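Note that the chains are named A, B, C and D in the order they appear, and that numbering of residues resets to 1 at the start of each chain.
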Amino acid sequence: MLKNGDLIFIYHEKSSFLVSFYDGISIETHKGRLIIKNPVEYGDIVYTNIMEPFIILRPTLSDLMMKVKRKTTIIYPKEAGLIILELGIQSGSKVIEIGTGSGSLTILLSNICGENGKVYSFERNEEHLKIAKKNIEKFCKFNNIEFFLKDPVNENGFGIHNIDSIFIDVPTPWELVDYAYNSLIGGGHIGFISPNIEQVQRTINKLENLNFTRIRCFEVLTRGIRVKKNLTRPFDRMVAHTGYLYFAEKSNIKSESNYIIDYNI
Amino acid sequence: MLKNGDLIFIYHEKSSFLVSFYDGISIETHKGRLIIKNPVEYGDIVYTNIMEPFIILRPTLSDLMMKVKRKTTIIYPKEAGLIILELGIQSGSKVIEIGTGSGSLTILLSNICGENGKVYSFERNEEHLKIAKKNIEKFCKFNNIEFFLKDPVNENGFGIHNIDSIFIDVPTPWELVDYAYNSLIGGGHIGFISPNIEQVQRTINKLENLNFTRIRCFEVLTRGIRVKKNLTRPFDRMVAHTGYLYFAEKSNIKSESNYIIDYNI
Amino acid sequence: MLKNGDLIFIYHEKSSFLVSFYDGISIETHKGRLIIKNPVEYGDIVYTNIMEPFIILRPTLSDLMMKVKRKTTIIYPKEAGLIILELGIQSGSKVIEIGTGSGSLTILLSNICGENGKVYSFERNEEHLKIAKKNIEKFCKFNNIEFFLKDPVNENGFGIHNIDSIFIDVPTPWELVDYAYNSLIGGGHIGFISPNIEQVQRTINKLENLNFTRIRCFEVLTRGIRVKKNLTRPFDRMVAHTGYLYFAEKSNIKSESNYIIDYNI
Amino acid sequence: MLKNGDLIFIYHEKSSFLVSFYDGISIETHKGRLIIKNPVEYGDIVYTNIMEPFIILRPTLSDLMMKVKRKTTIIYPKEAGLIILELGIQSGSKVIEIGTGSGSLTILLSNICGENGKVYSFERNEEHLKIAKKNIEKFCKFNNIEFFLKDPVNENGFGIHNIDSIFIDVPTPWELVDYAYNSLIGGGHIGFISPNIEQVQRTINKLENLNFTRIRCFEVLTRGIRVKKNLTRPFDRMVAHTGYLYFAEKSNIKSESNYIIDYNI
């Protein structure tokens, strides 16, 4: 039986909802009203008042990210997965994220870092932070996030040290490179997402000048495939671009070579 | 100062090594012999006997995956990130993986699940399992993996229940779908990677017939970008295909619609 | 000065028109009525009654293809260019096309083959053929197309021989492979576009059994790039799939090897 | 029966040759010596002295382009097809190409323009032009190309007018934009290929300032598909980048809006 507070992903081919369950919860769908009463289990099918079926699923991490209430663009799962891997984020990691935005990536970081890890999340826009906090309250089970309503550029840095990994998603990432350098542990990881190539160029130039090494940049494309008898083929349209992902590691002193690499993962 | 047993990623533009550090460790590189002695820190540059610089970095999760000793094909980071997100794997998750292969994905799962999580890993080839275990011994810090040297098809299933997520990477995935169904918790996640479309077709047909829902399939492409002053452009070549990724969730009863979705993440 | 009958591509960022010019032609746009009177030249800017500018351009071949009136899906320029190259179609070629559809590819073939070439175009749907003929009347300057309102499957083939190249775009292409074989010159080229992989599999199986050689299949993706100061990046979305393109050449006798090649062009 | 001078594409899965046939021609292959004697036809299989089969095919346009002897990078078929379509090149067109390079695109242009068309090809490197001329002598059947051994930048332009379409493939394309403007007919087409984004940015900036309109930029990717029973999938690797393609049309006066468009073909 579901317990109050359980996150449920209510799924229908045409629409889906991510909510905290409570006994008797009522949801307006495009196919009528859905009232969910115990006894009900994950995996069960429930019906609206016009008998349209919805399935009670457990949310994936992608679902958590995509279902945040948002006033900003968000990081998408196709990039988020590689961010985790390239920043070496795992159970117990200590990471800085800037900016919080709608909290989509924050939720992922929190769930991966777990109770022994820590997420420091910076946002300078008060309204965005408010929305992000609400999203996180709903979707996160770990109490491992600390928020900062401030702009590190004005505050002369993050004021936090010995951080394993830092992820930066702001319009002027080059302004944060030296603050990030100071906060990172030796050999630690930094990552960025930027939509425009000029942002990437300017930031990578800063990384090269500031003892970062193993600079790598790539883009990620995913394409859905329809697998149906005699009708198997990719879906018609796809996302062509969300942003360039780029990463580097902190070296203690400047190395001679500039180390921009053809990175194939 | 580095401690004995610390994992170090010794990086040079043209080659890199992932090893357990011990004081005085000696490595033969393409640019001479490298002897690393304390005091040395992550982020430091060390020199070979012919004065070629290498940097001591912390490995990313991608590095751990790519540096396993291997006798099999491995899961690549570009797919692994999305596997984590689509299977909802996080700190504390309980997951089944089959087959272990060289242990590349096992290492990732272990690092994400952490000390409160659990990874059950099945492999039927004894030699592969032996190599995988060695890789994991070197690269994993969590003691959360249980290995099984057996083929679930012959053993009539996994013999484990209430699992959050299952990932299957074998040549005949369709044979494991009903065993996976029995081991999964309601609403739990299943994922696959298969190189050939016929494998996908046959397995998805099985998923549809066996109460799995929200079936989605996609492929992931990454493309490296060279960011250099006046020479910015994608690198010349890229990986065109490793495998199709496909996922579904367990429904307790059969739903009427077949729920193959255009999944854009 | 433009002459009556000149094809003009009337271009505005938000909409465009391809028409035959005549002095005083009037066009309703989303930005008012446009009346075009001589003296006017290609390259001139003309204004609607609400002073919105449109430019008088010469149509590209892509424009001719995209501006046909259509009741069917059409071949897109991204595929059409490679069809021309892979089928070796050039000034003077003799080609068969089936089916005509809306005549989009027919127009291209006619313009490439020129006055010394010949295009035989088959269509079994009378209404489609009628529309195609109208499109071609408007857009083609060469008198080198012969239409056939018939289905070669029922007619026991094309009834035409010594053809350089054949292009087939029908739902059941495998039914036409042996007729195509009979119509092609030795060493001649055959090409197909099919949306579903099962169509490709079935047709390629037929090609292998019927003395076709050098079988190659690929897909084409194009991605638009926005080049703007400090805002340079790919556009957000792209076409993920229109169809698989596949080609082969006619061998006079069966060759032992099956010759499916990794074709990188 | 083949005639002396017939172009034959001698095909084997592992290697292929494009040569002018003469009776008794002898070719050294990786599988022994091949001597081809009449009577032989296009489509026939011939055998080397160790009985390895090769097939006598007609070359496609892609084959002509790929088989040139080269000292430069060449335009590839995946881009060349779209160049033809976007520049509106067809039977009878008058086009300028700069630079000639190895003559790969020149061959295509010549074959498409045909006997009523004209190709003006500029190259400033004497050795490249010599190689290109040899390639063209072998592969072209139309006598419609005029070569210029000169750099239009030094010569103050092309010295040719009323040209339908111009294609520019040089390292500093922005230097040629105003000369191209002068040579083009009103509403005529201009196209470029450049490997680096900075070249594109600089050239497009020039196009915007010089009355060119409808500026569009895109990249083309092709991916080979292996279609084999139970083993159908994309081939492992692909070309990730050759160059950015960009196009515009000549407007007689400057238009207000800058007209950079999301171009999806």
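Everything below uses one rule, namely that contacts are C-beta pairs under 8 Å (C-beta built on N, C-alpha and C of every residue); 3 or more make two chains touch, one makes a residue touch a chain.
This is a predicted model, so every value here is computed, not measured.
Enquirer: Going chain by chain, each one touching the next, work out the least steps from subunit B to subunit C.
Expert: Graph distance in the chain contact network comes out at 2.
Enquirer: Express in whole angstrom the distance between the two chain centres, defined as the mean CA positions of subunit A and subunit D.
Expert: 44
Enquirer: Indicate the whole-number Å distance between the mean C-alpha point of subunit A and the mean C-alpha point of subunit B.
Expert: Averaging C-alpha atoms per chain gives centres 20 Å apart.
Enquirer: What parts of subunit A, by residue number, touch at least two of the other chains?
Expert: If we look for residues of subunit A contacting two or more partner chains, we find 197, 223-224, 229, 232, 235, 238-239, 244.
Enquirer: So which chains end up touching which?
Expert: Taking the chains two at a time, the touching pairs are A-B, A-C, B-D, C-D.
Enquirer: Quick check: in the complex, which residue numbers of subunit D touch subunit C?
Expert: 9, 11, 13, 41-45, 53, 55-63, 65-66, 76-78, 80-92, 108, 111-117, 142, 164, 185-189, 197, 200-201, 204-205, 213-229, 232, 235, 238-239, 244, 246-247, 249-253, 255-257, 259-265
Enquirer: Which residues, counting only subunit A, touch subunit C once they are in their complex?
Expert: Residues 195-198, 223-224, 229-242, 244 of subunit A touch subunit C in their complex.
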